[in-house]
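We call the chains A, B, C and D, going by the order they appear; numbering starts again at 1 in every chain.
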Amino acid sequence: MGKPVKKILNDPRQAVTQMIDGLVLASDGLTRRLSGLDAIVRTDVPDGKVALLIGGGSGHEPLFHGFVGQNLGDGAACGQFFAAPAPHIIYEAAKAVHRGNGVLFLYGNYAGDNMNFDIAAEMLQDEGIDIRTVRVTDDVAAAPPERTHDRRGIAGDVLMIKIAGAAATTLDSLDEVERVARKAVANVRSMGVAVSAGSIPETGKPTFELADDEIEVGMGAHGEAGIARQKLAPADTVADALLDRILPDLPFAAGDEVALVLNNLGATTMMEMLVVNRRVRQVLQERGIIVHRTEVGTWLTVQEMAGFSLTLMKLDAELKQYLDMPCQSVGFSRMGAV
Amino acid sequence: MGDAGLSAKDTVEMLKAVARAVIEQVDVLTDADLAIGDGDHGIGMRRGFEAVLTALDACGPGIDAGFRATGMAIMANTGGAAGAVFGTVFTAGAKALAGADRLDADGIRRFLAAAQEGVAKRGGVTEGQKTMLDALAHADRAATDLNDLSTCLTAAARGAEAGVEATKSMIATTGKARSLGERSLGHPDPGAMSVAIIMAAMRDFVLVGVTDEGERIG
Amino acid sequence: MGKPVKKILNDPRQAVTQMIDGLVLASDGLTRRLSGLDAIVRTDVPDGKVALLIGGGSGHEPLFHGFVGQNLGDGAACGQFFAAPAPHIIYEAAKAVHRGNGVLFLYGNYAGDNMNFDIAAEMLQDEGIDIRTVRVTDDVAAAPPERTHDRRGIAGDVLMIKIAGAAATTLDSLDEVERVARKAVANVRSMGVAVSAGSIPETGKPTFELADDEIEVGMGAHGEAGIARQKLAPADTVADALLDRILPDLPFAAGDEVALVLNNLGATTMMEMLVVNRRVRQVLQERGIIVHRTEVGTWLTVQEMAGFSLTLMKLDAELKQYLDMPCQSVGFSRMGAV
Amino acid sequence: MGDAGLSAKDTVEMLKAVARAVIEQVDVLTDADLAIGDGDHGIGMRRGFEAVLTALDACGPGIDAGFRATGMAIMANTGGAAGAVFGTVFTAGAKALAGADRLDADGIRRFLAAAQEGVAKRGGVTEGQKTMLDALAHADRAATDLNDLSTCLTAAARGAEAGVEATKSMIATTGKARSLGERSLGHPDPGAMSVAIIMAAMRDFVLVGVTDEGERIG
């Protein structure tokens, strides 16, 4: 942990801008970069479309900027490492995707993101552009249920962008897209567990320290403190600990249909996540909760941090419709229900 | 000098000295943020204030122009919570200093008052939440009724330091430190430390003294 | 590296079988497990379809078994950690997906896989089932061009399964599917770089040792020795080193259209891979090589190993057609060209 | 005993002793494979031979039945290269021993000859490629013309050891060690080590001696 982590980069201070170039190239023409800015937009946003702008700090790839694509985000404002994007980046990205039908801002609920996106929203509203904001607040470890507005956004972002993106392609008013996004965020809950820390290339320092036999339940995506630091436990025990907090929080009840996401924070193996998924499904089955769709993968990362988070979203027919639509981007693609 | 206050030109020099002082403390600020945040405060502030140095070379006349150029450079290049709040500190300060042709003690107080108001509004915070606002508030109170620029800045810098101390005994209720709850006790707030660095740099600049022609005098 | 790596598992000796259960559950009904066997098959293989059977050792998730799905593998035989599956697993999996039109075996070229798949193939052929075998041999670091039969299969698997899977859905004879797969394997080349080792849960031991300032170019997916152990280098230097071996090997020439894959071996960040992609594209552009499709992600892993591999496949109209088709599985999904 | 050879029942006991001996060496074999392979040989062999212990309890009469049960259990449970080659060793051996009602020196030689032939065919290898085939070949040659079972197995075990030694000075040209080239020099081949463990266990079983009723005799 102590010594700077080996990374295959050039100048670390150029990493974010070089990453953005590489990301645009990896999209095979689906996206372009706003010249001179840390912002990515779709090359083909249709006229009159309700625009979806996402974004946040870099270092969490493929989120957020890797989710710009078909039936997903129309554009993304990218910050530096773990730092919310500056207002003018958000402003320019919003103008670049606006097609006369308003823009929905969708991002994780962090003081930095909130302030910078709000400043940009005020600038845009001064110009008469309709801006709505939905903040993702799925992390149940961050605050008690009565203070969801204090909760962080973590891997719930994956389902939120998937659903809002599909809704923004399907519905023709910003009011409607905002309504769907608010319904989705009201029904999504997550919690994560940290196994080992990631590091910021520019400092080479791990964002937190964990003993070789410790894990931290409920830790945030930037190493924010969780609810319990404990000894390494079996997968089934860890899965149960996450479910014990997530299930009663909404609450999720027998007969509910849900989307299930297991998000890898970086260095955890897919094998571990699948072993955890096995246990999660056992418990959900015992509770009579029906899994409509499962996503197991690596989306909201914290550099090479090891650990994962579990997300559940309660679905209705409308949310299922948007969840089941196809989508394509560098970071997240689905064939769609056929 | 002192009473007469600083010319626009010297104000720009002072703001450059502030920028250099913050940049020098990158590691201290990053370590403080590693303790209760995500460990990027230092590199974020460096990004912002490096841009400030460039911006100040190109800024127009007037005391407020220097503050505005500083605020916009921070806002555009820092990112994160710090970009928004420290950008606000200087853009709000610029509004409060509009029309002033010299920067005197009264100007400093107007700057501190406007900065607090702007940050409180932007961040939705009040004193006691363990943020940089606490350092601003302490600095402002310490500077009350001191009409000599150097005396005023000396008090403001000491006040900011006291504000940093005060944050140690506060439990964070906003920002990334919030989730630490009790565990944030004992640690100073990184942003408050930045405020202290800024005020100390302003004080040092004025104490050393600089003529309108920029030559140092004893 | 020394002390056993923290992993969120139950009994390590149960990890493979529990992983398979979790994988089937994650497929939302797309796949099922052959009862009592480490084998996964599609629930809906159409009658008369040419069947595609993939497989290999476990511990590389999401490959191989995570690639069973629509327009991909019809079934997968799963081995234990880094160990080829036993003949009877392959035999049963093949019988379960066979629909009277033959089965294509597609897997990486390793002595263990070759022997076990061959034993199964002989058993099946004795029963009159038409079996063809295509071994992936994309790792240019493993042997000189004149000995491609000695080359290991690495991330070229991703493109091979994508193309063979689409071909097996589209074409109606095993001869034709085999022809397409052989064309694809003849045109794919890869090389990887190792940054830090992964470990087998059952032993907790890293599969190799690398100094804190070292990387190994050309290392295989199980820690097999590469061609050069060197000091950590900038991303652009590493990208150039890989391209210097890959481009002349086929060779790839000006005007060629290619598919490009950057595969994460596990713990490497997406940011690093995108920074590398930026350089790769610069070089390909200088050489006049056209990238038809890019895939950057985590598919052939070696547990928590850090490092990545670069794969290029030269395409013709037919290969492009299959590459561009949609597909869906737990490990790899695409919306398809629209 | 010796000349008379082992009954089917004792042959099964011998094969169980072999299985226990291999299982005991799991770490030694894994470390050897870590050095020039992927570090799973020991755990793979353990998987296989643990299954052998179960299979032998249920196997039918006849010398060959024990060998066949052993080979099938290895083939089905080991996986990797070892599963195929060690499974072949015993299934090929079983074919060679068909009809035999006692296991004598001649039977051991037929077993070793068939094992080599089967592995060479299955693995596409010849001697000198740094595989377990080298240990089999050395064991076979060492056992030539020795008609007393214990003498024959003593020689075969020593031969297998010599085969392991020989692999140290070979450059691997197949399996996962191949890519090491020169760097595989000095390291013994893990599979060859397994062959030596197997032959030594057979020797030890016969030397200690067991009656047809399974009682140990001095």
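The rule we apply is simple: a residue touches a chain if its C-beta (ideal position, glycine included) is under 8 Å from a C-beta of that chain, and two chains touch if they have at least 3 such contacts.
Quantities reported herein were computed from a predicted structural model and do not represent experimental measurements.
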Where chain A and chain D overlap in contact partners, by chain label: C
Rounded Å distance, chain C centre to chain D centre (Cα mean): 33
Chain centre separation (chain B, chain D; CA means) in Å: 78
Intercentroid distance (Cα basis), chain C paired with chain B, Å: 55
Residues of chain B touching at least two other chains: none
Touching two or more other chains - residue numbers and ranges from chain A: none
Graph class of chain-chain contacts, one of line, ring, star, complete, other: line
Pairwise chain contacts, counting only pairs that touch as defined: A-B, A-C, C-D
Interfacial residue positions of chain A with respect to chain B in the complex: 57, 79-88, 110-112, 115-116, 118-119, 141-142, 150, 152, 200, 202-203, 205, 207-208, 220, 222-226
Sites on chain B touched by chain A in the complex: 30, 34, 37-40, 43-44, 47, 75-85, 122-123, 174-176, 178-181, 183
Residue ranges of chain A in contact with chain C within the complex: 3, 6-10, 15-16, 18-23, 25-28, 58-59, 61-62, 66, 70, 193, 195-196, 198, 212-213, 215, 232-236, 238, 262, 266-278, 281, 291-294, 296, 298, 301, 303-304, 306, 308, 326-328, 330-331, 333-336, 338
